[in-house]
Amino acid sequence: MIEPILETRGLDKNFGALNVARNINFALAPGARHAIIGPNGAGKTTLINLLTGVLKPSAGSVYLGTNDITKMAEHQRVKHGIARTFQINTLFMGLSVIDNLNLAISERMGNATGILRPAGNYSEVMEEAGRILSTLKLDNDALTEIHELPYGRQRLVEIAIALALDPKVLLLDEPAAGVPSAESHIILDAVDSLPKDIAVLIIEHDMDVVFRFAERITVLVRGAILAEGDPDEIAADKEVQAVYLGESAHV
Amino acid sequence: MSSFLIEITTVLVFGLAFSMLLFILSVGLSITMGLMGFANLAHGSFAMAGGYVTVSMVSKTGAPFAVALLVSFVIVALLSILFERVLYRHLYRRPELDQVLLTIGIVFASIATVTFIWGPDPQLILMPEYLSGSVDLGFNNFPRYHIFMIVAGAIIVAALFYGLERTNIGAQIRAAVDNRRMAESCGINTGRIFTWTFALGSGMAALGGGLGIQLLGGIKPVFALEYLVIFLIVIAVGGMGNIRGTFFAALILGIIDFAGKFYFPEGGAFIIFAVTIIVLLIRPHGLFGKA
Amino acid sequence: MTSSTGTPTGSLARSVQFLQRRHRFHWAEIIPWILAIAVFYLLPGYRLLATQILVMILFALSLDLIVGYAGIISLGHTAFFGTGAYITALMASNDIPDPILGLIAAAAGAAVLGLVSGWVLLRTTGLTLLVLTMAVTIMLQELANDFDEITGGFDGINFTNSEILGLIELDQLWYSSSYIYVLVVLFFGFLTIRTIVYAPFGRMLIGIRENTQRMSAIGTPVHQRQVSVYIISAAIAGIAGALWVQVQGNVTTEVYTFELSGEVLIMLILGGTGRLYGAFLGATVYKILESTTEQVLGTDEPYWQFAIGIVLILTVLFARRGLFGIFEDIVKKFKGASKGEVQ
């Protein structure tokens, strides 16, 4: 197997007596299209929070390539190429779409602490924002404030901000959650067209999305990995069917 | 008798009396903030109102001190319901800054109002015979009022804890403070619980305002601002919404404050602030707060 | 939409153009300065009040950086104002009477206090932060009272400044050179803040205000940046404090009061936060109302305090964006009526 780009070894997390992550050994390959599925409360978002550094593990470690990043703060991990989206929109609601992106781009390009030149004069930031907005077809909404956008397009801005960080690893926490089905294709198209060199880890409830997108699937149950394999293996796994797939009408 | 024993007992009795007062004054604010997350900086105004009602009752109508305290409790509790319904209710979902500003507005307006009515000078009342003078305990003399304050405080604390731990309404309050959403899903009407708790807390503050007249050298308009900082410190150190924590914080800070002023007349006043800063740095959610 | 050459066209180009012009000066921005000069010539009898207003504008602007832009609530901004004031006064009364040196030292001293207190306090949020900012200010006030052999306590310290750059004397009688001096310092202070606000650093502060959690997730070391803006804000507040005492040649422990912290916050809220000119409008309206009330009704009764309390309550309930917000709404309505919706 190829060297993984993101890896966890023996990851544990407990809140008091509650184990939300149990001995998770997980590897994400470079350029992967990997999905994590599992019933509610399986610890999927917890795992993302452990990977991004929002939570500190009780035991075990997280590696980015060969570097141990277990003790690294969230903002430092971002600088090393880990970006995420949030399950519930976590945007700068009072700012325009392009201002949202520029915050991320300035931070990545290292000019966010500039105090002398006006922000509008950083043409490299503007060009990058324009490129991402065009890719995600958000250009007509560039000056619209987030709270004025329909929910589906807000979800798209979530992805746009993550892309603005030029990540090596992108963690998508239920990117289509809450989006009306009429709009969900916009999100799915965006996910499909993500650059191939980015390793993408997606958490998703919608099995159609998972099986359309993922090349590899990990099943999480009660904080532990139950199974891992390609979509066919997972679909055929008896145990998985028993605890998870059996619950929903899956095609 | 050794001077050391005299010193230590003096610090303990005076400090403890102040601690009890602090608890009675602050506990309502702690619950308001813990239960509703509402930053009610006007809490000191309710306490001040209690003090002035007590003063007026005693000096104008000649009512007994205890009766005046009871009446001020009821009046201020009712008054606070009015404020909650008319003003506070609109700000529960607004940012903390808005709550802070609105309630500071109330503080200013209330200070001005009491200055119009009673003037800027401290108002004192003549204490009944049984609360004046001092008692000789053999090894040291203590003012009767301070002993009364400690005993009255202990009774109030005991009643409050009994009410919260053993009664049905107390259980509902605790549930709502602990986890509001969970309590609501169990069918507890947290809105109504809050109104009553808020009234109770404000009434307690009024009681504190009345009890504090003698201890703090009279009630004066700046009370609402001067003691606000102290209340905030007590509940921040105790952990918001934590009644037990508020009690221990009041106990510790009251005694430390008095000891500081007793041993270092110059600069002792700032010891309590220094202690607060250190405690909150180590434990930002207070000594007994949830993370 | 993107054309084949990759240059943005259409709405995207217009959006980028908007951002490229956002920081440019609007003609209306000259109005406050014209007014300030007009007051000097037309209302010489009001120069003392006007000087105080100018200082308060600078103080409120410094507070706007942290409250309005970075979203850090502080009820203890007088800690920096007072520190700047005392540093200047102590220097002047100890044979370093140069006003400009006084300003620099005040800024430096307040900045150091901002670094130390900010580093420590800004690890907390919300109500704890509020309590701690208050506690620091009150502690400094206690210290100033206790060390009254240094600070002069309630009576304060009287001092005289030397000439500015060895040329211009600060007059404390007619407030002619003093007024101009304060106006010039305010102008440069304002320019500094305006530059910061429109630079990426200022945009980043707004991001922290809007969503701290997301800022961390885009790689911003939030605490470090909050401390940075706290230091800048402290330095400017220190300069305001220095100006305040330089023009009157006297400092008392009043510069550390919690009430002053509250007042400057009220001025800012009244004018409108996070919009630069809110501080101008708020400080001016507040001070004029205060002095009018005192002249008409007298200072014996606390009419003013009552009025400000009510104004504050009404502002929060009905005009949260402040006077400047109301002003913006009116302008928008006016423009909307004449030109149609601007987008």
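As written, the chains take the letters A, B and C, and residue 1 is the first residue of each chain.
Just so it is clear, a contact is a pair of C-beta atoms (placed from the backbone, for glycine too) under 8 Å apart; a residue touches a chain by one contact, two chains touch by 3 or more.
Given the structure is predicted, the values throughout are model-derived calculations rather than measurements.
A.B. asks: Farthest chain from subunit C, going by the mean of C-alpha atoms per chain?
C.D. replies: Comparing chain centres, A lies farthest from subunit C.
A.B. asks: Central chain, going by Cα centroids?
C.D. replies: C
A.B. asks: Counting only Cα atoms for the centres, state how far subunit A is from subunit C in Å.
C.D. replies: 41
A.B. asks: Which whole number of Å gives the spacing of the CA centres of subunit B and subunit C?
C.D. replies: Taking the mean C-alpha position of each chain, the two centres sit 34 Å apart.
A.B. asks: Averaging over Cα atoms per chain, report the distance between subunit A and subunit B in Å.
C.D. replies: The separation of the two C-alpha centroids amounts to 48 Å.
A.B. asks: In the complex, go through subunit A and note every residue touching subunit C.
C.D. replies: 52, 54, 73-76, 78-79, 83-84, 86, 90-96, 98-99, 102-104, 106-108, 111-122, 125-126, 129-130, 133-134, 139-140, 142-143, 161, 164-165
A.B. asks: Which residues of subunit C touch subunit B in the complex?
C.D. replies: So the residues of subunit C in touch with subunit B come to 67, 73, 75, 120, 123-124, 126-128, 130-132, 134-136, 138-139, 142-143, 146, 258-259, 262, 265-266, 269, 301-303, 305-306, 308-313, 315-317, 320.
A.B. asks: What residues of subunit B sit close enough to touch subunit C in their complex?
C.D. replies: Per the touch definition, subunit B meets subunit C at residues 33, 39, 87, 90-91, 96-98, 100-102, 104-113, 115-116, 221, 225, 229, 232-233, 236, 240, 266-267, 269-270, 273-274, 276-277, 280-281, 284-285.
A.B. asks: Any idea which subunit C residues touch subunit A in the complex?
C.D. replies: My answer: residues 1-2, 8, 10-12, 14-16, 18-23, 195-196, 198-204, 206-207, 210-211, 213-222, 225, 228, 343.
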